[in-house]
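Next come two complexes built around chain A: one with chain B, the other with chain C.
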Partner chain A sequence: MPVVHMASIVPISQSVGANRIIPTVAIPHPLGDPTLDAAEEKALRRKLVEKALTALSTNVSEQTVF
Partner chain B sequence: MKLELHKIHVSQLRFGPSTGLEGSCLTVNAEELRALLLEDSHLADVELDIAHPGDSVRIMPVKDAIEPRCKLEGPGEVFPGFIGPVETVGEGKTLVLEGMCVLTTGRLVAAQEGIVDMSGPGADYTPFSRTCNLAVVLHPREDVKLHEAEHACRIAGLKAAHYLAAHCKNHPADTVESYEAPSLREGLGAHGSLPKVAYIYMLQSQGLLHDTWVYGVDAKRILPTLISPTEIMDGAIISGNCVSACDKNNTYVHLNNPIIRALYDRHGKDLNFVGVVITNENVTLADKQRSSSYAVKLASMLGVDAVVISEEGFGNPDADLVLNCVKAEKAGIRTVLVTDEFAGANGASQSLADSCVEGDACVTGGNANATILLPPMQKVIGDIGQADVIAGGFFGSLKPDGSLEVELQAIMAATNELGFNRLGAYTI
Partner chain C sequence: MSYRIIHYINQFFGGVGGEDKADLPPEIREGVAGPGLGLAKLLGADVEIVATIVCGDNYCVSHQEEVGAFIVDALRKHDAQALIAGPAFNAGRYGMACGFACAAAAQAGFISLAAMFPENPGVELYKAATYIVPTSDNARGMGTALPPMAALMGKLLRGEKLGSPEAEGYIERGVRVNTFYEKIGAERAVDMLLKKLRGEPFVTEYKMPVFDRVTPRPAVEDMAHATIALVTSGGIVPQGNPDHIAASSARNYGEYDISGVTDLQAGSYQTAHGGYDQTYANQDPDRVLPVDVLRDLEKEGRIGKLHHLYYATVGNGTAVSNARKWGAEIGAKLREANVQAVILTST
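Showing the complex of A and B:
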């Protein structure tokens, strides 16, 4: 089953063996950014989720950072 | 720079009418100290208590440990940016009350504060069972916001420590230790054939009350920089951490950093200790990459052969540790890493969240996931009701008879990553 790992510290995602890696914003708020207003933050979140769905449907042969 | 530490040994604490030393017994005027701390309007109440080694006493949850110090001579005052002005410290003479400690406690700001048992099996796991402790039980006002309460508690501990030392200025020192911190030109030119060694000192800076302060500056906002080891002895680095008690660097261990002490001990014998680089552990990958590159660049500019790198905390700071290690090794600088482990209750799991083949010389402070049963004590200072929520504790930690089942994670400095405690581990 394909899995996407969305996390902010890519080396740790690589260290634990994730194959599809989406770098995110920061450890306390991986899919958000408190410095943005609500509309900007929603756009950011949507972009990350869409990137994750793309990664999920992409074949990979090795650990890949999207 | 040259700093003398004028150390007075304290072997007993008591409350009395006037704060000062008689022999090695320190009397504390509790009302005077309480009044000083209550000048901060964020605090509703302050209680003071005393615990000696061997007492049937549990102190929890402990926020910070601070060794009383004050300047006798030289620019500035200890804890610059908090007690002293933001004047460079690390020169002249500093009074130290050794053998004792101020422990700040009470129901504070977050779940992640520690346990100090003065006797029983738990006492073996914390260095603060071997000091005479003045417990400062802090009660912030109910309407004070979380970060303001943390700030008030942090300052109260520093104030209490400075107050005690400042009342002993006329007492003769038992021992005087002298530390030289020469200019780079002088330091790098000395001890020609000995390997040049620097220390990369990682400071917890994740935010959300996981913070360290340098001259009053939040360490998450610094670029890595050089600092004299004698500045650290004067309290230029202080802890603002509400994070797992076992491996946060409280202010006491910053003041008495054993890695710095060991590098001084070996300086001029088998190595040339040329400097300290402080760096941080921030929460974005870009910050981690920037800080690790910058810290290693400073080490390269010093032209050192090797660095000792110490971590603070665990989890994502493991990534900072590994980045520092890999980049230093790639720059031709050999590394020794000092860390601890979260390897599961039986020690069989991966110890760190990240790793690298370059990290082939590693010192560990022990496995923080190991559990221990702490029997009941006759007296609890602080709030034992916090046992189920502190990090390393869990629902059911507090037994009906007052005993506690916890991970070593919950015990103050149990797996300290500066080597401050006695715990270690071996590979099987």
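Showing the complex of A and C:
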């Protein structure tokens, strides 16, 4: 089954061998941004997760950063 | 002080037969058999092989619980201190059997040691659990395999302090030990760099792990009907961290049921991770594990469903060998649950 890795430091995702990679916001809050208000923050998170679903729905032949 | 040990060998070296006898259940013989004859001469006067366990390779690999109990029981009954296994050379199932036998003995508190070819699959599986002496890839190397086995077993029995794996002649187990040096780390690092620049040989003090590569899996074709699972190394756990996942160098992972949970609330979930500022994850754990958004997408029919279990550990100084093992376990569980894809989040 395909796996998408959502993390902030892309070179680490690459070195551990993730094939589908979504760069995220920051180490302590990869899928959030405490400086935004709640609605904006959730919209940001949704955008990233939608990107992850796109990555999972896309065939790749090598390590790919979406 | 004299020592009593048991020798573990397979059906072939026990003289029972070849592949056709690989289903032989474990049996115990008093005294030495097969390669134990040579080993006994090398072990020294204070070490006696009191018994030999002979077991079929297939039987051992497919009845681990029973064989493990048999071995521990035999060690106790014979009042033995240690188990020595093999050498297995490059025989894969024999190597796995020797490694398993030693791991079972070690777990019960006995000294244990196996010997096999470094590329035997038993090495990767059991090198952390027992001492493994490297051998050649076939039984012609018996003569060179036995002396280092006997020497290391003697040291272990006598409780002598062991040097590095290279110095003692066993395969590196991934155990870190503290050592005092004359020079501080910065000086040693500069020395090493200068050697590297001059093209001279140098020995690293900390080997970087070699990471796996996996062939990319095919895409999910029908996301609207797919089950998606969440896995994280960011340490999101139910409040109170019920599985006591360590803040660093984690020794385990947790499996948590999020049936009916639509949003990870502060106070119900938290992070156990000690490698980043926990403030933001504790305020809103969805910032690490996006359950809220996936529930929305599930309700809207964008995904079939969010798997009712999620898996979490702490990726902070965690041993790669542990992470690899847990990854394989989690993957097997998700496959069994017919999950089609995984979102893995890391901090």
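Just so it is clear, the second predicted complex is superposed on the first by the 66 of 66 C-alpha atoms of A that agree within 3 Å, B and C clash if a C-alpha of one lies under 4 Å from a C-alpha of the other, contacts with A are read in each partner's own complex, and residues count from 1 in each chain.
The criterion applied here is as follows: a contact is a pair of C-beta atoms (placed from the backbone, for glycine too) under 8 Å apart; a residue touches a chain by one contact, two chains touch by 3 or more.
The structure presented is a predicted model; accordingly, all values stated were derived computationally and were not measured.
Asks: In the superposed arrangement, does A:Lys51 touch chain B (first), chain C (second), both or neither?
Replies: Touch partners of A:Lys51: none, neither chain B nor chain C.
Asks: Specify the partner with more touching residues on chain A, choosing between chain B and chain C.
Replies: Of chain B and chain C, more residues of chain A lie in contact with C.
Asks: I'd like to know which partner A:Ile27 touches here: chain B for first, chain C for second, both or neither.
Replies: In the superposed model, A:Ile27 contacts both chain B and chain C.
Asks: When the two structures are overlaid on chain A, which partner does A:Val60 contact: first (chain B), second (chain C), both, or neither?
Replies: Second partner only, chain C.
Asks: Considering only the touch criterion stated at the top, classify A:Val10 as touching first (chain B), second (chain C), both, or neither.
Replies: first
Asks: Find the residues of chain A that appear in the contact set with chain B and again in the contact set with chain C.
Replies: 8, 12, 15-16, 27-28
Asks: Residue numbers of chain A touching chain B in their complex, please.
Replies: 8-12, 15-16, 23, 25-28
Asks: What part of chain A is in contact with chain C in the complex they form?
Replies: Within the complex, chain A contacts chain C at residues 1-8, 12-13, 15-20, 24, 27-32, 34, 41-42, 45-46, 48-50, 52-53, 56-64.
Asks: Considering the complex alone, what residue numbers of chain C touch chain A?
Replies: Against chain A, the touching part of chain C is residues 211-214, 216-221, 223, 228, 231, 234, 276-281, 283-284, 286-290, 292-294, 296-297, 302-303, 331, 334-335, 339-347.
Asks: With touch defined as at the start, can you tell me which chain B residues reach chain A in the complex?
Replies: Counting only chain B, the residues touching chain A are 206-208, 283-285, 288, 316, 318-319, 322-323, 353-355.
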